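Chain lettering (A, B, C, D, E, F, G and H) follows the sequence in which the chains are written, and residue indices restart at 1 in each chain.
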């Protein structure tokens, strides 16, 4: 096993060191979130305790999250909307932190290109979407323009990108 | 426990029946993908075998996927790009099925609004992005217009939306 | 009562003559579609038969339509979408005639400005919207670009504009 | 006749109960606004008084409106303009309530997608349109951007969508 | 000669009466601005004095302007730019009146559609254009967005549209 | 009077020589198209015949056009529309030459910036506009996208830009 | 050698006189920045001192800059982003002077057309780009809208345009 | 001096090895393209021959280009236009290679974001720009949309970005 360490930044704040062992563990869990720690330990020739500690540290530092992801279109008739947002740029971080607080907002990313922020909202109906839009999103100061598209079906959603490269 | 069943459509093809038990199991795994089946079984007063069977059926039918989700910006310096695509509408499904085949394309959804398709591409560098863009995405017939934004940081990514409502 | 006649064109094809009497009758029905013909006759000092004949001619010529209009957001949770469409201009009329055939398309108008055609689609859910979008609208040849907005609430819908001026 | 009741929301305020009888009556009036109450009563095996009461309640609650709808392009040479409006989102409701007050504004809907509001204006000429635009619409605070298209012909306008589903 | 008079509005302020005689005179001058008044008088069977008086009144009221129009691209290498402007709508008239004052701005029109105002600027070079743009146009309060296109050649410029219809 | 000659190109084809005398004559006619040749001759100390010959040559070569320009909004209620057109660039000249042929198209210019072509259409009504749009403009091959704005009032229209600089 | 002098403006401030000799020297250095002054002197039949003095004056006046230009995509994996910026026009010069101060901003130009300013940013990674974007560019007052494109490869970059014409 | 070598890709084709020495030499020439090889050699403690060989290899491989860069706005009144181009993506490389051939096109880069290609054109006048646009750029097959902005002044243009990081 390679031993070279890499500096990985924790969202613009404190630095964290991920080593190859972390990446190997992550890779296995990306494919199957329920792979047993025993299996991982055996494969990587380390103790189960090491696997458990590493996973715990990775999840506590919000680098890794092991979750059951559902396709919303297969479990109901939800309203899934992708917002592309242009902001008054000096308020970029304020807008982001307000969006993050809204429970129905499931995804928030800063970007550059055609939009400054992408935000995905999932509600149980268009009516609920309007409530979130009108009483919460529209109250945020600093939003210049908000385009949106109603997602109608998800055809691919994979999580096993190569880490540590 | 409520007993009313709901019809849930499997991506526009065959119908599948999800009952409240399924929704209860999903809800627990959305929060923590490694919740033990024993714990779920006890909480819902069913056998561990039932939990295991249900989860297996849900994952086989691509309704549920238990995975380790990493924040790509915390595990390296990747190039994460969100494409908004307008297509010749009569080729909508062909474009989607070509996009789905490209490994670096991690997310594909059909939409209506400002774009017809959203596709997210994750590569290890901008140079790799250009390769995917030039040799794969740009070869797909039927794309009219492709805007993109480079994602620069992910601030929220949650998966525990309410199912079965 | 004024007697001057006006030429009114029947959708770019045959000409029809509407006189002031027609306009007076229309004005009353625009306000209340169930105004009794007797009341109209008395007010305009003509026979009930004249009112009936005029109304019949107006509706047969598709100038007037007496209908119960419901606010879709008050009778359910529908998906109401306004499409703004840019077409290959030489196919403008073909696209329009294909759109008109789709039952879920409730409104079709030719325009100039930011879009060439406006089309409103009402379905019982977003899922149905996607079916209409994918299997019918997207098959129409000649559509260059289709933007859309999901209507979330209707705040005003009136029909009593002044005719005959 | 089915007896299951449905909760239907009166524009974000008080709830109202529409039952299947209401939907049956509405359905008949959507097709022909002058269908006699006697005919409806016989068909649904209820009394004429019940029909009358139900229709009265539906219209008073602004769920149903029975009107003579004219095709503006067949009764004159009007100026019919569809405005797509982007607003400072925190002023969304203020802008809507100002638009609703302008008599020439015939239709106002909140939306998400490419525009936040759609508003249709019908005037007797382009000159009148400019007056409405300059002295009324342009005075409304909170409008960020206003695109418009001049409607040139209406090809379809139907009102009989399925209610109660 | 027909005698019916028409009301013609003087730019939203005072009304002016143009009669058929005015229109006949205008029509001749639209084709050739130097047609002699004698020729017009003979053709319309009126006195030369009448022609002169009418033309004087029309020009004083800014209804008619007899000018030598040059194709700027045939008399030098100018910079001809068409600006499409979106304004804060409540400042529409202020922006217009500021634009009108700038000598290099040759054409100003209020509009609805993709832009609120069109303004054409003619300067002797791109460098002069930048001066006008930077020191004059950009100082106007209320401009939200200003797109522009550099005109490169004029292929048609006619002035003889039919008046009085 | 300066004697230096300048090369002025006749729309990309043959070269023409305009001298300072031409520019002096043009300048006077730009201000008032009916300035008498005698007055111009005296001011420039040349013969009336020279003025006449020069003007004739300038108009024959389509460098100068002396016309009565009317403000369309002061002589009726016309429909004046400015089209911004994007074309398949290799068909740019074909599209231009088709547009030039349509009588209602009063102005055609090639451009670069947000549009490839600007075209102004003046008709007596919106209905006529639609006829021109549908039966003539929309038949032209090579138009990719056509935005338009309805002009509502003209606030400035001057023709006396400085020539010969 | 021609002797006619030309007025060349030093960025909107003081005028500078460039003569044909300057242009001849520039032309040689545009092709090869290391052409020896001796070679230039011989070719232009002037002294080496003259060449040296001229080049010094040209570079001091920021008319000429002799540099080694690298293709960033051939010397690493940088993040090269082109920003198109729309500003509150009355703040155009302030925005420009703030952009110029940011070291990572390598190119700033004022423009008219689809954008008011173009700015190119080169950083060593997307992460660095985000820092520049968030902590520096987004703090600038007066930016209305900022679109961007990630450059992925440079195919041509030449500097030998013809000067002095 | 550090000795670690880096792999640097020569425009998506063959690999080239740049070492720290190359980067040190480049860094000096980026600042001043006429730094003498002797000075560089002394500073880096290598022979002049090594410097010369390295520079030659770098320029032959089109990694480095030593040129005199002029500010076009200080040496004349040119027309400098930045084109943002959207292409039929499967023709991306063909469009690029056609653009590269046009001498007036000075810069060509592939991109993703709001445009697929950026191209800068420098001509001596707007008239020349139109010739290039009409006879060369517009003939290229595969261009879907071409926006442009006329550059009016360059405020910053630096070339000394950090290499080898």
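Here, a contact is a pair of C-beta atoms (placed from the backbone, for glycine too) under 8 Å apart; a residue touches a chain by one contact, two chains touch by 3 or more.
Bear in mind the structure is a predicted one, so any value in this text is a computation, not a measurement.
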Common touching chains of chain E and chain B: C, D, G, H
Fewest touching-chain hops separating chain A from chain E: 2
Chain H against chain B, contact positions shared by both copies (same if over half, else different): different
Whole-Å gap separating chain D and chain G, where each centre is the average of the chain's CA atoms: 58
Centroid spacing, where centroids are CA-atom means, of chain D and chain H in whole angstrom: 58
Centroid distance [mean C-alpha coordinates] between chain C and chain A, Å: 46
Distance between the centres, which are taken as Cα means, of chain C and chain B, whole angstrom: 41
Where chain H touches two or more other chains at once, by residue number: 9, 12, 73, 81, 110, 112-114, 127, 129-130, 133-134, 144-145, 147-150, 152-153
Inter-chain touch pairs (all): A-B, A-C, A-D, A-G, A-H, B-C, B-D, B-G, B-H, C-D, C-E, C-F, D-E, D-F, E-F, E-G, E-H, F-G, F-H, G-H
Residue numbers on chain F that touch chain C, as the complex places them: 81, 127, 129-131, 133-134, 137-141, 143-150
Chain H contact footprint on chain A (complex, rising order): 112-114
Residues of chain H that touch chain E when the two form their complex: 73, 77, 79, 81, 125-127, 129-130, 133-134, 148, 150, 152-153
Parts of chain H lying in touch with chain B, wherever the complex brings them together: 9, 12, 86, 89-90, 92-93, 110, 112-114, 116, 144-145
Contact set on chain F toward chain E in their complex: 6, 8-12, 16, 18, 23, 26, 28-34, 61-76, 78, 80-82, 84, 96-97, 99-100, 105-115, 118, 122, 124, 147-165
